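In what follows, a single structure is set out as structure tokens and then discussed.
For reference, chains read A, B and C in written order, and residue numbers begin at 1 within each chain.
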Amino acid sequence: MLLEIKELDAGYGYLQILRKVSLNVDKGEYVCIVGPNGAGKSTTMKTIAGLISPMAGSITFNGEEITGLPAYQITQKGIAFVSEEMNLFVNMSVQENLLMGAYIIRDKNVQKERLEFVFDLFPRLAERKTQLAGTMSGGERKMLAIGRGMMSDPTLMLVDEPSFGLAPQLTASVFESLEVLRKTGVTIMLVEQNVTTTLSITDRGYVLENGKVGLEGKSSDLLNDAYVKKVFLGV
Amino acid sequence: METTNTVQSSPAWGTLLGKIGFNPAGILCVFLLMALPFIPPFNQEYLLRWLIYAAFIATLSVGFDFTSGYINIVNFGYAAVAGYGGYTSALLAVNLNISPWIGIFIGGANAAVLGLIIGMISLRLRGIFAACLSWFFGLALMGLATKLVWLTRGPLGLRTPRMFETESNIPFYYLIIVLLILTYVICKMVVNSKMGLAFKAIGQNMDAARTSGINPVFYRVFNFTLSCALAGILGGFYGHYYGILTPEVMHTTKTVEVLAVAYIGGRGSLWGGAVVAFPFIFLMEIIRSTLSHLPGLNLVIYALMLILVMIYYPGGFSHFFDVHIRQSKNKILRILTGNA
Amino acid sequence: MSDNLKDKIAWMKSAKGITILGSIFLALFATINSGPYVLVNTIITGGMLALVSTGLTLMLGVLNIAMFAHGEFFMIGSLSAYYVFTPISNYTAMHPDSFLVTWGPMVAIFTSMVVGAIAGIIAEFLVFRPLRKRAAENWVMNSFLLTVGLSVLLVNLHQLIFGADFKGIVRYWGGMPFSFADVFISRDRVISFCLSAFIVFLFWAFMTYTRTGRAIRAVSQDATGAQIVGINIETIVLMTISLSCALAGVAGGSLLFMYPSYPTMGLEPLYMAWFVVILSGLGNILGAVAGAFMVALLKVVTVEYVGAGWDFVVPSILIMLILIFKPSGIFGSEVRGVLDT
């Protein structure tokens, strides 16, 4: 088991959002969390990434307890988080942004290798190396955010709403790039509102509702599940 | 919940008082202030001077809190605005022989114009930059007061006629107490009206306020104008009480003094600063006069208190009062504070 | 070729171009009209201001603290330089051949830098960190008010412990003044300018090329993003605060021969530095350096043509105009944070 979450409670201040969420991710899997707005999908991701400290429960990664660790230590353990807002460094160039992604790697040569790897993956970013991140289009920024996440050579990538605010064809290209990533052997955990697409590309899924795990199972099964069909797909 | 109505002796009076922001304890404080000049040791002239200064700072802190506690913008040039009003009145008295009694109101009006301008030009800026802008405004005003020697006599100081032709401090004391109460009542009535809600909304979240149909332009400018007008009148009082005006009144440290009192008193309460000012200024003056071989000690304590309050008790005295006295188990305390 | 020219013309018409060209013309005019000392004064004041304002812009960018006590770190720097240099100069008066004649001032200036950094760290631990732990909401305003308290505290601690009198020195190195084109400039001024230029350069290189420098910039642009990529924000905050206070301290120390140390000496560098920050926009080191020289020029020219004492009336008014019409600053590439959108 790569990531194991047991009975996680989390929220903002006094506002509790997650109630006893338990989920796990195996090595090499492509797992998604779907659910309606406000179900606590992003909160789950942020809690794993260490941006929110949990109220109760435990998170183990690679057999190591990481509950409540600050975000920078979690990144050092090998979890990369691509947030919904992307949190790019807008006044830095594309290349600088990517190099910042490799902040935890001190070896200059490894940094270079990673940079080449990401440029291979996203040739578009290589073309725009010197452009400031703040001046790029939405789709390119998403790409950059994912690329920056890749720079730290993570074992697990948390990707939060990559399709948010993107035109359909761009969404497709973002999903394609995730597919490419997956082939390189990275474990991916994806949060999406776009239920059909997500369930059709991932291995396994969790349905989150009102801060609780409602359903879980193989993505293909979930896609055919009567409840999911009724609630999310309106069939 | 227990809702006892046993002590509602005169509800009409109670609501009237409530409207202008007083509860029985407040009235008690006012009577105490009124009687203070006749209670030893406060009947000595030098203590009376301290009291007047304390009341002056208290009044300024009410006007200051009206801006910083509600629309959440620190008017860092507040003392300069007060000084500007003071200079207006003093110059009118010196050059045109206009009575100080009329002069201070012209000074207030003039300061209101200044407040209008500051409010307008700082309109688009976020809180901290609006504070900077008003600070620079204050610096520029102080620079002008220092350098326009032909008009203001600069650092030498402008001699002004006093408002009462007497050596006694008592009439001045009552005047400033009246000003304090008037300032408080005016500010309180404004914030108790619909406007107060709009102020709070703007102070907390500009966007939300705008989308719920509040026009921030009007409220922000109005707030600045009113609080600057009050400062202008007070500046006039200051000039005509001490009989001399120097550019020092406009200095940033004066604003800081007012700010500290307002924040230690509790932001957004209006009365907190006014109440805290008296014991506070007294403490400072006592330290300054008894430990005169340790200059600056009073201000060290001052700053430490401001820092401690800012970090550990951001609600200030008014918060303490609300939690521990207004809602105390002791019924007498509750009645006194109008929470029966 | 013509595109190139068009670009140049467009640049000249931008706020940045107009300001820079205007400043150069003003400097040239004043130099020809009144003599080269205008330029010399501008450069020396500008160097000092560059040190103070880069620190200020760093604090504002990284920690989101609108520092009101920055001038007090300038004061701390000059005070520590005074107390280090006085015994040294007494010693060198008796032993004119000692190596301290050359290196003593350096020791004093270096001490001022270290003491500034330490004071900054103490302030972080005693003041800013408790506030951050306590409440994050309304941080900008609360931290600003906290620095107001800090400023009053430091000013009066100085008065309480060291007294209110001027604590100054006659000279650091002294000796024959250098002469450039008919003007004589004291050796101290030249060396202290070179020193501040060197430090600003080091600082710029640090921020641009080192890992930590990049991390500091990253935090200032997006704190959450910085955490995500694995930056420990607490460390960066500590680093930033000590760096920026060290810069203010060394500015105070290296100018001790011009500005004697006294409690409220910090106010002038403080508001000048604020002018620079508003002129040049936030979090922009090169912009802050350019802005520092512009504000210095403005001050010197005002003193020259309008009169002494007007030197904060005219700049204040100009800065207010900038705040009104170009709130993101002349070099600000982003509007973030200034406007209440």
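Observations
The rule is short, and it goes like this: contacts are C-beta pairs under 8 Å (C-beta built on N, C-alpha and C of every residue); 3 or more make two chains touch, one makes a residue touch a chain.
As the structure is a computational prediction, the values presented were derived from the model and not from experiment.
Across the assembly, the mean Cα position most removed from that of chain C is the one of A. When every chain is reduced to the mean of its C-alpha atoms, the one closest to the centre of the whole protein set is C. If each chain is reduced to the centroid of its CA atoms, chain A and chain C end up 42 Å from each other. Rounded to a whole number, the gap between the C-alpha centres of chain A and chain B is 53 angstrom.
Taking each chain's centre as the mean of its C-alpha atoms, chain B lies 34 Å from chain C. Interface of chain B with chain C (complex): residues 72, 74, 121-122, 124-133, 135-137, 139-140, 143-144, 146-147, 206-207, 252-253, 256, 259-260, 263, 294-297, 299-300, 302-304, 306-307, 310-312, 314.
Interface residues of chain C facing chain A in the complex, by the touch rule stated above, are 211, 214-215, 217-218, 221-222, 224-233, 283, 333-334.
The touching residues of chain C, counted against chain B in their complex, run 66, 127, 130-131, 134-135, 138, 140-142, 144-146, 148-153, 155-160, 164, 263, 267, 271, 274-275, 278, 307, 309-310, 312-313, 316-317, 319-320, 323-324, 327, 337-341. On the chain A side of its complex with chain C, the touching residues are 49-51, 70-72, 75-76, 80-81, 83, 85-92, 96, 99-101, 103-104, 106, 134, 148-149, 151-152.
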